[in-house]
Amino acid sequence: GEKDIEEKTSVSRKALATPVARAMAKQMGIDINQIPGSGPSGRVKKEDILNFKSTGLDIKPESDIIK
Amino acid sequence: MSVMTIVKAINNALDIKLNEDSSVVVYGEDVGVEGGVFRVTEGLQKKYGVERVFDSPLAESGIVGTALGMALSGLRPVVELQFDGFTYPAFNQIASNVSRMQNRSRGKYTVPMVIRFPYGGGVNALEHHSDSPEALFAHLPGLKVVVPSSPHDAKGLMISAIESEDPIIFMEPKRIYRAVKQEVSDEKFSIPLGKAKVVQEGTDVTLIAFGAMIRESQKAIEMAKDAGISVELIDLRSIYPIDRQTVGDSIRKTGRVIIVAEAHESFSVGSELIGIANEEAFLYLEAPPRRVMGYDTVVPLAQGEKYYIISPERIFYEIEKTVNF
Amino acid sequence: MIQDDLPAIFRDFNPLENRMLRVIDDEGNIINKEIFPQLDDDSIIDAYKQMFYERTADEMAISYQRQGRMYTFTPNLGQEAIHIAAGMNIRKEDWLVPAFREMGILLSRGVTMKEMFLFYLGNEHGGSFKNVSKTLPIAISIGTQLHHATGIGYSIKYKKKEEAVFTFIGDGGTSEGDFSEALNFAGVWQVPVVFTIQNNQYAISVPVKSQTKSINLAVKSVAFGIPGIKVDGNDFFAMYLAYKTASEYALSGNGPMLIEAFTYRLGAHTTSDDPSKYRKKEEEEKWALVDPLLRLERYMKKMNIWNIDKDKLKEEYKQEIDAQFVSAENEKAYKIGDVFDYMYTDMPEDLMRQKDAYEQYLSWKENRK
Amino acid sequence: MSVMTIVKAINNALDIKLNEDSSVVVYGEDVGVEGGVFRVTEGLQKKYGVERVFDSPLAESGIVGTALGMALSGLRPVVELQFDGFTYPAFNQIASNVSRMQNRSRGKYTVPMVIRFPYGGGVNALEHHSDSPEALFAHLPGLKVVVPSSPHDAKGLMISAIESEDPIIFMEPKRIYRAVKQEVSDEKFSIPLGKAKVVQEGTDVTLIAFGAMIRESQKAIEMAKDAGISVELIDLRSIYPIDRQTVGDSIRKTGRVIIVAEAHESFSVGSELIGIANEEAFLYLEAPPRRVMGYDTVVPLAQGEKYYIISPERIFYEIEKTVNF
Amino acid sequence: MIQDDLPAIFRDFNPLENRMLRVIDDEGNIINKEIFPQLDDDSIIDAYKQMFYERTADEMAISYQRQGRMYTFTPNLGQEAIHIAAGMNIRKEDWLVPAFREMGILLSRGVTMKEMFLFYLGNEHGGSFKNVSKTLPIAISIGTQLHHATGIGYSIKYKKKEEAVFTFIGDGGTSEGDFSEALNFAGVWQVPVVFTIQNNQYAISVPVKSQTKSINLAVKSVAFGIPGIKVDGNDFFAMYLAYKTASEYALSGNGPMLIEAFTYRLGAHTTSDDPSKYRKKEEEEKWALVDPLLRLERYMKKMNIWNIDKDKLKEEYKQEIDAQFVSAENEKAYKIGDVFDYMYTDMPEDLMRQKDAYEQYLSWKENRK
């Protein structure tokens, strides 16, 4: 079939992460897709999230996270 | 092209194969003069004679066991079991012999046979007439398990099934036997076994379904669209071998997956697909894979079906939950 | 030979010689006076009425189904003599293990038409026969029920009770492996089980000759070393005699026996079936002439014991049956618990979780409106 | 207390129940004089007589079907099917009647019966003598499926099984029938059905196993210990109902789970447990749940078993992979 | 009666009268001269040798198993007359559908002892009989194989070939539903299938009298409308006559028949079985006296055609059999592919993935060392 053009392009890449890392990011109100991953194949690890948080970038209230 | 129902499409596939290959025979309970209780074999006895299309005694183990003997000796039997719940008397022949004879004979014998039967609920039937036993057969090594969801697929998959040297369990969604109509080519064509089909692309969540649940899923997808949710729909078409590639690709894309199937949810195709989602797309999962399936209860009679049968609304409910996880 | 120390009828009507027990002929004349069962006039009249009731109930059920008020139904038309003769000989203490075409027997046990209707209205509470004891639910997976009967027979023998089990299967059902296995087990265990094959000559569309090459169905008993007899299933007195003999035989600890009740399914297999696809009008017409009710009526008239106003009786029955149907239609609504609550003696947590999840969905649905 | 094997423990449980409850009867192929091909019923016919412990004709459907009749009429039959692969001829009775009679009769009849059989591979047996069909039975609604892994559990679970009003599938790990010995109380005791057991606590990864795979898992855990990995081991004991609580608690703690079972991996208890891991502990998962299970092939004969049977080393291999994910 | 237009032996040895076809007595005297089969001396000597070979192979197999060099084995001791008589009458064009106790028949088809040994050494390549055609693998799930035979019979009939199917089952196996179903289908379809019940009087520990109450096993044919005959399975000539008759009958398009070969299992059920648990020494001794080899030897001696040096022949056979066993022991190693490669005509990706995963594990294991 014909492809719909996706409108929601605000997120350019989808993060690789374990569910537990995703949970952590979510709990801390961080969009995991913004975090550079240091794990295998760029996987976002728990440490990456902690580091990311301490740099203080891009913290959003949870309610703003685009679904 | 002709407009066909699933009943007609399967009848047409049988007709084509009976016509072109004299080793094809069709039998089972009431498939001859009667043309089957759902009329899937209607007219075939008249056309091909009682030696090729015939009624058997009422014994499912016998139907399947003799078909195996025929398959081992040069015929290509296509046998009908009258309902899902009446596959169980044939279970031993299927589990102990049909599925194993190639391996037991180290490939000396192939087993070109098809066991077809109507399955699933939603038709106000008596007990044993509404089961969805795909997981039982898919768990047994040595079989291929196929379920079409449309007239086109029913025809193409049935042609492949009859031409396969491996034994095929062919499950027909009785609920949409005549409910879905489609333009289908009158020519012979086939659809490869083991390949799922992306019915509809989407980005937020993957729905995996088959048989009669495709139609219900499509209705749910309409509801989701109204709610701004983009759903990808995969029609599994083969339960075994299961198409890990297509399933994995989709889940890696959407990060979310819901399995919609009529069978009891425990130890089911739903369980297996959650396994596959984890094995193929673990790092992409943004929400727990979910199954929208039948309960672990006997499928109720007509009055209870409203509680048991999966409605588009219930699928939508799960889509929303998953997307908002 | 096998049938030696058996009640006389088994010797006189040896299925190996393809003989069939009959007591009255098609016209209602007694043809076997010596063995004619002792039944007083009232019992005969009562038997006729029961057959007539079953017939009327069938007709009503078919018409409800046609009106779209009920799902697929399995009529008993033509098999009433078997049912009522059995019902008169199965005692409260005995067990009944039915298949799915024994309505008259169920009624004689105390099952109500309301329950029958409920079942065909798609409510499990109808087919479970909770209110009568020692009566298993309707069995749909063909052949399986015979094993249950044999097992119950074992319980009876084990507990040294004076009880018998009566179980039923169709002609088509004799092809299932379970038929042979169950008769074989019963033979080895010598349990008090009376097996009846209701040979109505068709399994849906398939005639008996496509079902087996045996000279008749009663003769299959030979394979299991148990006595067998073929009986005219449209001859109420023959069936009565057969069941009376069978009951005495079983209750005296002689082990199982097999009765082939040779009859004809006058109607469709179910209300979804169209017999004209697979059998001739002439055949149906021929058998309609020897309808078991007609034959009994002819006998009664000959004997001057006929005192029945059929039209009036039918009207009476119809009203009573309709009341039961309406009551079944107005039965309290099917509940979610009816799906979950009977699976186990105590519902496992996992099943509770599923039930809860469904209820959550329901409340979400409620709230959305 | 006596030292018992699993064979002896089950024999002892049957003995206790036969002794205290005259409604218990035991039968099957060769269970009488012979005492069963594995001697599980040894001595019982002598002690309780041929009316209570006896040989049946060779027909599994008959064994199970008649047992159902007995259960409905006041007895508590415990029937033996000689091997896993010979449960299939009884499949229809189990699927269509044993599992459904309570529901069909709306609770008028309970079904207090036990179907017991040896299961599993690793004993150099002929075909059909090495299957692990738990998923088939667990998928059918209305049954309880139990597997002991030790003499103590075998006794306690068998007592519970016989006393249950629900029908029980009791699978006995033939490979360790005599290999595991244990001090077991001579008194009557019972172990509740549906409850898993934490055999060993640990923090890094959860192993879920049952039957003969407990012993193999324990060996793997020793290897893991040497590698500095702390493993929690859960013995499922009941396949249905499955103990979600215990399983979920453990996975929420360790974040990692491996299922070890002999059956074919597709559509299996492994699939189901991955489903449960996702449903109960999704947000705790640090590595994809894995199954170490049999392949989707016929269980090979003796010479091929080395490739098929799950070794402690292979379990350890998966533990390492999962912990290092 | 059923057995009317049948070959004479079916009438003369009607199982309903519990008669058994015998041609020589226990001492080897001819007792039924008129029907004694025409066999030249060489054929008889050859038959004896084949029986003796099977016997020797059995003994060797038992001893390998005892030495721990082979897994559980299923001996054929006492059933050799059936096997060799069958083997002599089953043509290359015919089909053989065995159970698991027909070694002599398999050998006569061209299966080698090496293959048999391989099978009992736990290698599937042994039991598949790849090198002989129209011979199904050993069937272990009891009863199921009869349906395959009936299905093959259908193929033959459909293709109008002049071929017959020979299939086998034990006395215990007659209790399985599939036994009855298969005979019933064969009767309805009138297919050229010769069913043999090897009644060796035991199903593991269970004697025939606990298996069924029928007066014999041949009589079960009555239930399916097919001819049946009970034959002395220890009388080589009776078995030969039965199979010759059966073959002619089947090849002339007359449909199926049932042969009960009444014999005795002289050895254990398998090498794991201990018959002393369930049967008396005296019984075994009594039957040892009428061992089919002994009976044939007595006949041959009486006829002055005995020219066999048993010791020498045994030595010769033993060496040959041992060579085959050693060759089986030294067969090339079982490979991982032997587990995976025969499941489907083309291996599905999913199965390849499993095979690959196992190979990865193997290389991990290799590297660890």
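Structural remarks
As written, the chain order gives the labels A, B, C, D and E, with residue 1 at the start of each chain.
Everything that follows uses one rule, which is that a contact is a pair of C-beta atoms (placed from the backbone, for glycine too) under 8 Å apart; a residue touches a chain by one contact, two chains touch by 3 or more.
Not measured: the values here are computed from a predicted model.
Between the contact lists of subunit B and subunit D, the overlap consists of A, C, E.
Looking at subunit C and subunit E, the chains in contact with each of them are B, D. When chain centres are set by their Cα atoms, the one at the greatest distance from subunit C is A. Centroid distances built from C-alpha atoms place A farthest away from subunit D.
Computed centre separation for the pair subunit B/subunit C is 36 angstrom, with centres defined by C-alpha atoms. Remark: subunit B and subunit E have CA centroids separated by 40 Å (rounded to whole angstrom). Multi-chain contact residues of subunit B, defined as those touching 2 or more other chains: 57, 59, 61-62, 85, 88-89, 92, 96, 103-104, 127-128, 141-142, 240, 242, 266, 282, 285, 288, 295-298. In subunit A, the positions touching at least two other chains are 18-19, 22. Listed for subunit C are residues 124, 141, 175-178, 181, 184, 188, 210-212, 343, 350-351, each touching two or more other chains.
Contacts between chains, counted with the stated touch criterion, involve the pairs A-B, A-D, B-C, B-D, B-E, C-D, C-E, D-E.
Considering their complex, residues 1, 3-4, 6, 8, 14, 16-19, 22, 43, 67 of subunit A touch subunit B.
Listed in rising order, the residues of subunit A touching subunit D in the complex are 18-20, 22-23.
For subunit E in complex with subunit B, the touching residues are 95, 97, 124-125, 127-130, 136-137, 139, 141, 144, 146-156, 158-159, 177-178, 181-182, 184-185, 188, 341-345, 348-351, 353. Those residues of subunit D lying in contact with subunit A across their complex are 255, 282-287.
Interface of subunit C with subunit B (complex): residues 71-72, 119, 121-124, 140-143, 172-173, 175-178, 203-206, 210-212, 272, 277-278, 334, 336, 338-340, 343, 350-351, 354-355, 358, 361, 364-365.
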